[in-house]
Amino acid sequence: SLHQGDSGDSGASLIVMVASSASTGVTAAARAFESEHPGLSVLISAGGSGALVRQLESGTTADVLITANTATMIAAQGKQLVSTTPVTVATSRLVLAVPQGNPGRVTSLTDLSNPDLVVALCVVEAPCGAAAHAALSAQGINAAADTYESDSGHARGRLALCEADAALIWAADLGADDKVLEVRLSAGLLPSTHYPAAVVATSTNTTSANQFVLFLLGARGQEALTSHGLGPK
Amino acid sequence: MRRIPVALLVPAVVALAFLTLPVVALFTRVAVVDLPSRLREPLVLDALRLSVVTSTISTLLCVVLGVPLAWVIARRGLRLRQLLRILVVLPLVLPPVAGGISLLVLLGRNGLVGRMLASVGVSLPFTTAGTIVAQTFVALPFLVLAAEGAFRNVDQRLEDVAASLGASQLRVFRRVTVPVAAPGIVAGVVLAWARALGEFGATITFAGSLPGRTETLPLALYRALEQSTEAAISVGLVLLAFSIAVLLLLRERWWTLS
Amino acid sequence: MRRIPVALLVPAVVALAFLTLPVVALFTRVAVVDLPSRLREPLVLDALRLSVVTSTISTLLCVVLGVPLAWVIARRGLRLRQLLRILVVLPLVLPPVAGGISLLVLLGRNGLVGRMLASVGVSLPFTTAGTIVAQTFVALPFLVLAAEGAFRNVDQRLEDVAASLGASQLRVFRRVTVPVAAPGIVAGVVLAWARALGEFGATITFAGSLPGRTETLPLALYRALEQSTEAAISVGLVLLAFSIAVLLLLRERWWTLS
Amino acid sequence: MATSGLTASVRTKRGDIDIDVSMSVGSGEVLAVLGTNGSGKTGLILALAGLVPLDSGQVKYGDRVLDDVATGIHVDAADRNVGYLPQHTMLFPHLSVLENVAFGPRARGVSTAQARRDATDMLSAAGLTTLIKRPAATLSGGEAQRVALLRALASTPDLLLLDEPTSALDVSARAFVRAELVSRLGSFAGATVLVTHDAIEALTLASRVLVLDAGKVAQEGLVGDVVRRPRTPFVARLAGLTVLSGTAHEHRVDLDRGGTLIVGDSAQGRVLVSVSPRGVSLHRDRPEGSARNVWCVRVTSIEAVGDVIRVSFEGQPSAAADLTASAIAELEVRPGMELWASIKAAELEVYPA
Amino acid sequence: MATSGLTASVRTKRGDIDIDVSMSVGSGEVLAVLGTNGSGKTGLILALAGLVPLDSGQVKYGDRVLDDVATGIHVDAADRNVGYLPQHTMLFPHLSVLENVAFGPRARGVSTAQARRDATDMLSAAGLTTLIKRPAATLSGGEAQRVALLRALASTPDLLLLDEPTSALDVSARAFVRAELVSRLGSFAGATVLVTHDAIEALTLASRVLVLDAGKVAQEGLVGDVVRRPRTPFVARLAGLTVLSGTAHEHRVDLDRGGTLIVGDSAQGRVLVSVSPRGVSLHRDRPEGSARNVWCVRVTSIEAVGDVIRVSFEGQPSAAADLTASAIAELEVRPGMELWASIKAAELEVYPA
C-alpha cells in the first residue's frame, strides 16, 4: 500500500485529525470506541489546527476533523472540507501556567510584561495564541514574550524543562505530572475555547465517522476527554 | 605519528566536545534501563519501524538517483557543471518546510504533476510513499554534492586507462570510478541517510503526521515534546541506539573502506 | 566527450527533474513581481536579515571548528578514526528537534553547563546566540564528514614531501592539505551553510521563535504557513533568491575551484 | 603507407605546443618515438589511444577508421583494442595486482575465471608470483611498472602503446622485460608504438624511429639511418653523435659556428658532419700524431652513457668524447677543465645538409 | 665512521621485507644506492628522511641525533634539513612550478619575495624559464622530474636524498642534470644519497656505492671496487659483468654450475671469476685463434646497454657479450639462436670467494 496508502484499509480504519491539545483525550476516547467496534481501528493524526485544515485542502484523506477553535472549523466549512455541521465535543480554558515551584514567582497576568522573566506564548496564528493575544490586549497588558511557540503543547514544554517562567496554554495541556502548574486567576480573565468536530467531506466511511462524533458527545466519550484535562462540551 | 599542532588540536577538541557533550547530556535525563519499555510503547515502535523503512528506502533512492547525477555533474565542462551544481544546491537551501510545500505544489492533489498521478489513481501526499518522497527530496542534494566531490577527486587518467583496456563507460564507472571514490560516496550516503532519518519539516508538510503511516520518529518526537520532554528524549535515545547499532554493523563492512 | 551511458543518464535526469521541478513549481504559485513587496514586509525582512547573519556566523564557526576536527580524524589510525567518526555521526542522526532538546539539557537554564553560564550572566536559549549554537550543532557534522572525506583523499606522500622541505605540520596543513582538499571542503561548507540556513527543528526547540531575535526565515515560513500557503511560498522564494545571489557571487571566487 | 597496421595523421593541441604528426606503423612493426622532454610524445600516444580529441586528421588501423575529423568519426578508446602503458603506470589502486592484469580481458568479455588464470600465468612467467595478491598501491616503482606492462599486454591488443615502459626498472628487470618484449613483439601481429628516452632501447626493439621536436616530426626512418645521419642536434645527442653544419671545400669543412674540420670523404657545398664521441680523444697536452684534427676545448659536462663516460666540451667545434672510467680517473677530468681534443679525418661522416 | 656527515643504522619493516642497513656518508660525499626493484631503496630513503619510523637503530647527522629508538629520540622530517626527491616526483599539484621550487625556502623562513627570486633564478639556470608560471599538474613526466629536483635542491639541505632523479629525462636533460649535480655536489658540504638503476650514473656521480638486496646490504665500497669485483649476480649484472663461482686449480677454474674456464692469473681453492661482456666474442662458426676459452651457447636475450648491445646467453658457463649494432645485424642474432662464444684468459678477473 505504499503507493496508495489511503485506500487499501479504509474499510477497517477511521482517520481522525485532531488539534494537538486535544489529542491525548481524543486518543483515549478512540481506544474506548475501538473496544465497542471490534475490527475497526482509529488512527489519530495530530497537528496544529491550521495545518490539519491545510492538509485536507492538499488532498489528504481523513474521516473526522477536530479543531481547537471554531474559527478554523468555520474556515474548513467555507472551503467545503467537511460534510456535517460541526458540533462542539469539548472545551478548554486558557490558563496562566508556571513550572513546578514557580521560580519566577508569577502571580498575575501583568507579570507577563516583566522583561526579566522568560515568557512563552503561542503564535497568534495558532488558536491558543489568538486567544492569548485577545485577552492580553483587552486588559492592556503588553507581554514581553521571549518566544512564540507553534502551539500550546510546545509552550508547555518550555515550562516542563523550566526554560520559561510563565506561559499561556490550554488547560488540557497542563498534564498530570505536576511539572507544570496553573496559577489560579479570577474567573473570566482568560477565555475558553471550543473543540468542534465534523465529518470530513472526502470520508469514505461516513457511517463510522458519524458514530465516532456521536460517541465523543456521549457519556463514555466525554469521560475520556474530561479525564485528560479537557472541559465538557 | 607526529604530535598534532595546538592550533589544530584546540579547535578540534572544542568541536568534538560541542558535538558529543549534548548527546551525552541526554543520557543524564532518562534512565537508560527504561528504554526497552519505551520501545514497547506501540506508538514509538510504529514510528521507529516507519523511520527505519522509509529512511532505508529513501537512502537507496538517493544512491540510485544521486550517484549517477553526481557523476554526470563531475564529468561535465566547467560551465555546465556550475549550472547543474546550483540547481542541486537550491533544494538544499530551501528550508525543509518550504521543500514540503514545493512538493505539495508539484505532487499534491491539485499539483502540476499530482493531477496526472491522481488520474491514474496514485496519490502521494499523506502516504508512506509521500514520506519517502519528502525524505528523498531533502536528502538527495547531500548525496549528490558529496559524491560529486569524490568523483572529481578520481584521477581521470585511471578512467582513461580503463577505457583503453576495453571497458565501456558503464564498466569504468562501476569498476574504477565508484570504487576509487568509495570513501567519499560512503560519507555522502551516511549524510543522506542521517538527513532522511532526521527529516521533519518536509515530511510533516508534505506527508502529514499519521501514526503508523507517516509519523516517523522525528515527528513522534516533536509530538512527544508536547506531552513530556522525557518521552521525547526517550524517542531520541531509541533513534540513537538504532543508529549506533547500524553504524557498528556497517563498520565491519564498508565503513572501514573510508 | 563520450556520450553518457543510458544506464547513468536516465537516473541522472530523473534525479535532476526530481530536485528542480518542485522548486520551479513554487514559482507558478506566486507572482515573482510580488517578491520585492514581500521583502518590504518588516517581519520577512527581519527574518531574512537574521538568517543571513546567523547562517554566516554558524558556517564560519563550522569551518573554524570542523576543518581541524576533520583533519584530526582523517589522520588517526583506523580504530580511533572509527570511534571519532561515530561520535560525529551521532548528532547527525539525532533529529534536529532532539538535537535542540539535547542542547537545552546541556546549555539550558537548568542545563549541566548552562547553569554555569547563567551564573556568569550568559543565557543562550531564546537569544540570537542560541540560534547560532543550534545551527552550528546541526551543520557541523556535515562539514566534518565532508572535509574528512576530502582530507583522506589527499595523497599523504604530498604531505611527506612538504614536511621534508621543512614545513611544520601546521604549514603542511595550510599550504598543502587544505588547498589540495579544497574542492571537498568547499562542498562541505556549502552543505553546512545550506543546512544552517534551512535549520528549523533545533533552532525552534533550543532558541525558540521571536521575530527579530530568533525567528529565522524557516521559522517565519512555518508561521506564514498558518496564514496562507502563498505567504509561506513567498518567504521561501525570498530565501531562494538570496541563495542564488550568494551562489552566483561565490561562483567567481572559490566555486570554480571545485 | 601501410595497408595493414596503423596509419595516422594527428593534429592536436597539448598545452602550448601543437602536435602535428603523420605516421604509419606496419603490423608486426615497432616504431620508436623519441624526443626531448615536453616534445609531445605522451600527447601523441593519448591521441592514438583515442583519449584526447584530434583537431584535425585521421587515424586508421588496417581499413578501420578510428578517427576522422572530416567525417566526424571517432571510435571510443574502449573500442579500439589498444594496449596502453601510461607513463605514470596508473595501476588501479583499489585492485590487487592480479585484478589489474585481468582487467582488460574481463572488460573484453573473457570470463572471470579464465581472465584470472591467464593473469596468474602471465605474472608467474614474469617472475612476479609473490605480488599476485598485493594491492597495487603497495608496489614499489619498478614493480608497478612491470605490472602495468603486463596489464597492457594481457588483452592481446591490435595496437600496443608503450609510454616509457622500462624507466623505473632495475638492470635485470629491464633485460627481462626487453627480452620478453622482443619475443612477444616477434610473434605479435599488431603495431607497436614505443616511447623511450633510450636510443639503444629503440635500436634493439624497434625497426623504425620517429623523432619528435616540439610536436613536429624532426626525423623519421630506419633506426640505423637516423642514428648514423641525425638531422637535429637532439637526435645526434640521442645517438651519441655531435652533428655540425658547414660548407665543404673538398676535404675541408668550414663550420658555421666556427672552426674547421678535415674530413676523409671529399664534398662540396652545404654539408652536415657527424662526430662520434668514440672517435674523439682527449689529452692534457697537445698531442703529436696522425690525427688530422686537433683543437683546444673546455669540459662542460661529464655523463655516463652505457658502459662509457661521455665528456662534453665546448670549443671550435663543441663536441664530446667517450672515455673509460680509468681514463677519466687518469686525466682527472672535471667540468671547466681545459684539454686538447683530437679526431681522425676518417672518423668523420659527411653528408649533404 | 665519518664524524661529520650521515651515520645511520636503520631497521624498519616495509611490506614483507625487513630493511636492515648500516651506512655512513661523509659530508661532501655521494653514496649511490643500487638494488633490484623492490629491494627497499625507497624504504631506506624514507627512513633517513624521518618519514617512516624505525623499528630500531639510530640516525645521526654530524653530532646531531636525528633518530634513536633506544632513547626515543625522533626528529621530525621538517626539522632535519633534508632535500628529498621522491621517486614519483610528487609535485604540489595546486601550486605553480615557481611556487613548488620556492616551497622549501619559504618553509624554512626565507621571505616570499626572496624565495621567488631564487626559484626564478634556479629555473632559468636550468633552462626551464617557460615553465615558471605553469601549474605543476600540467607538466610532462620529464619536466616534472626536473622541477622536483630543483625543489629538493632549493632549500640548501644538509642531506640530499634523491630517489631515481633522472629516470624520466631525455638524454640532453639527463646530461644537463648530471653536469649540474656534479658541479653542485662538488661544492656541496652535505651528504648525498642517490638511488639509481644506472650503474654508470653511480659511477660518475658517486664515490661509494651500497648495494641493497631484499633490504640487506649485499655489498658496499668504492665504486670501482664494487664494479670490478661484484659479490652477487645482481651487482655483476649491474656492472655489466657475469660473476661465476668455482674452484681454481692454478689456471683452471672448475665452475660450480658446470663448465671450465682458463684464467690468466693463477689461483687455488674457492674463487669468483668475473667475465666482462666486452671481452666475450660471438661467432657463427667455431672460431680458430688465440682465445683460450671457446664454448657453444644459446642466446637468451638481447638488450641495450649504453652505446652497445648486450647479448646474454646460456651455456657452460652462461654469460653475456657486448656487440655493436652492426655486428648484431651481421650475425642476425635472435633469441634462441645457437652461437660460439670465446674469451681470452687474460680478460677474466679471478678473486677469492
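In this document, chain identifiers A, B, C, D and E correspond to the written order of the chains, with residue numbering beginning at 1 in each.
As a convention for this text, contacts are C-beta pairs under 8 Å (C-beta built on N, C-alpha and C of every residue); 3 or more make two chains touch, one makes a residue touch a chain.
On a predicted model such as this, the values are computed, not experimentally measured, just so you know.
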For chain C and chain D, the contact-path distance works out to 2
Shared touch partners for chain A + chain E come out as C
By C-beta contact count, A-B versus A-C, the higher one is A-B
So the chain most remote from chain E by C-alpha centre is A
Cα centroid separation, chain C vs chain E, in Å, comes to 54
Rounded to the nearest Å, the gap between Cα centres of chain B and chain C is 14
Taking each chain's centre as the mean of its CA atoms, chain A sits from chain D at a distance in Å of 86
Multi-chain contacts in chain D, i.e. residues touching at least two other chains, fall at 76, 88
Touching at least 2 other chains, the residues of chain B are 2, 104, 168-169, 225, 229
Chain A touches at least 2 other chains through residues 51, 161
Checked against the stated definition, the touching pairs are A-B, A-C, B-C, B-D, C-E, D-E
Listed in rising order, the residues of chain D that touch chain E in the complex are 15-16, 35-39, 42, 87-88, 130, 134, 138-143, 146, 164, 167-176, 178-179, 182-183, 186, 197-201, 203-204, 224, 227, 234, 237-238, 240, 278, 300-310, 312, 322, 325, 329, 334-335
As the complex stands, chain C meets chain B at residues 1-5, 7-12, 14-16, 18-23, 25-26, 28-29, 64-66, 68-69, 71-72, 75, 77-78, 82, 84-99, 101-103, 105-107, 111-113, 136-137, 140-142, 144-146, 148-150, 152-153, 168-170, 173, 183-184, 187-188, 190-191, 193-195, 197-201, 205, 217-218, 221-222, 225, 229, 232-233, 235-236, 239-240, 243-244, 247-248, 251, 255-256, 258
Chain B partner, complex, touching residues on chain A are 1-6, 15, 20-21, 23-24, 43-47, 51, 55, 58-61, 151-154, 156-157, 160-161, 173, 175, 177, 179
The answer for chain D against chain B in the complex is residues 46, 49-51, 76-84, 86, 88, 90, 92-95, 103-104, 107-108, 151-152, 155, 161
In the complex, the residues of chain B that touch chain A are 104, 108-110, 114, 118, 121-123, 125-130, 132, 204, 208-215, 223, 225-229
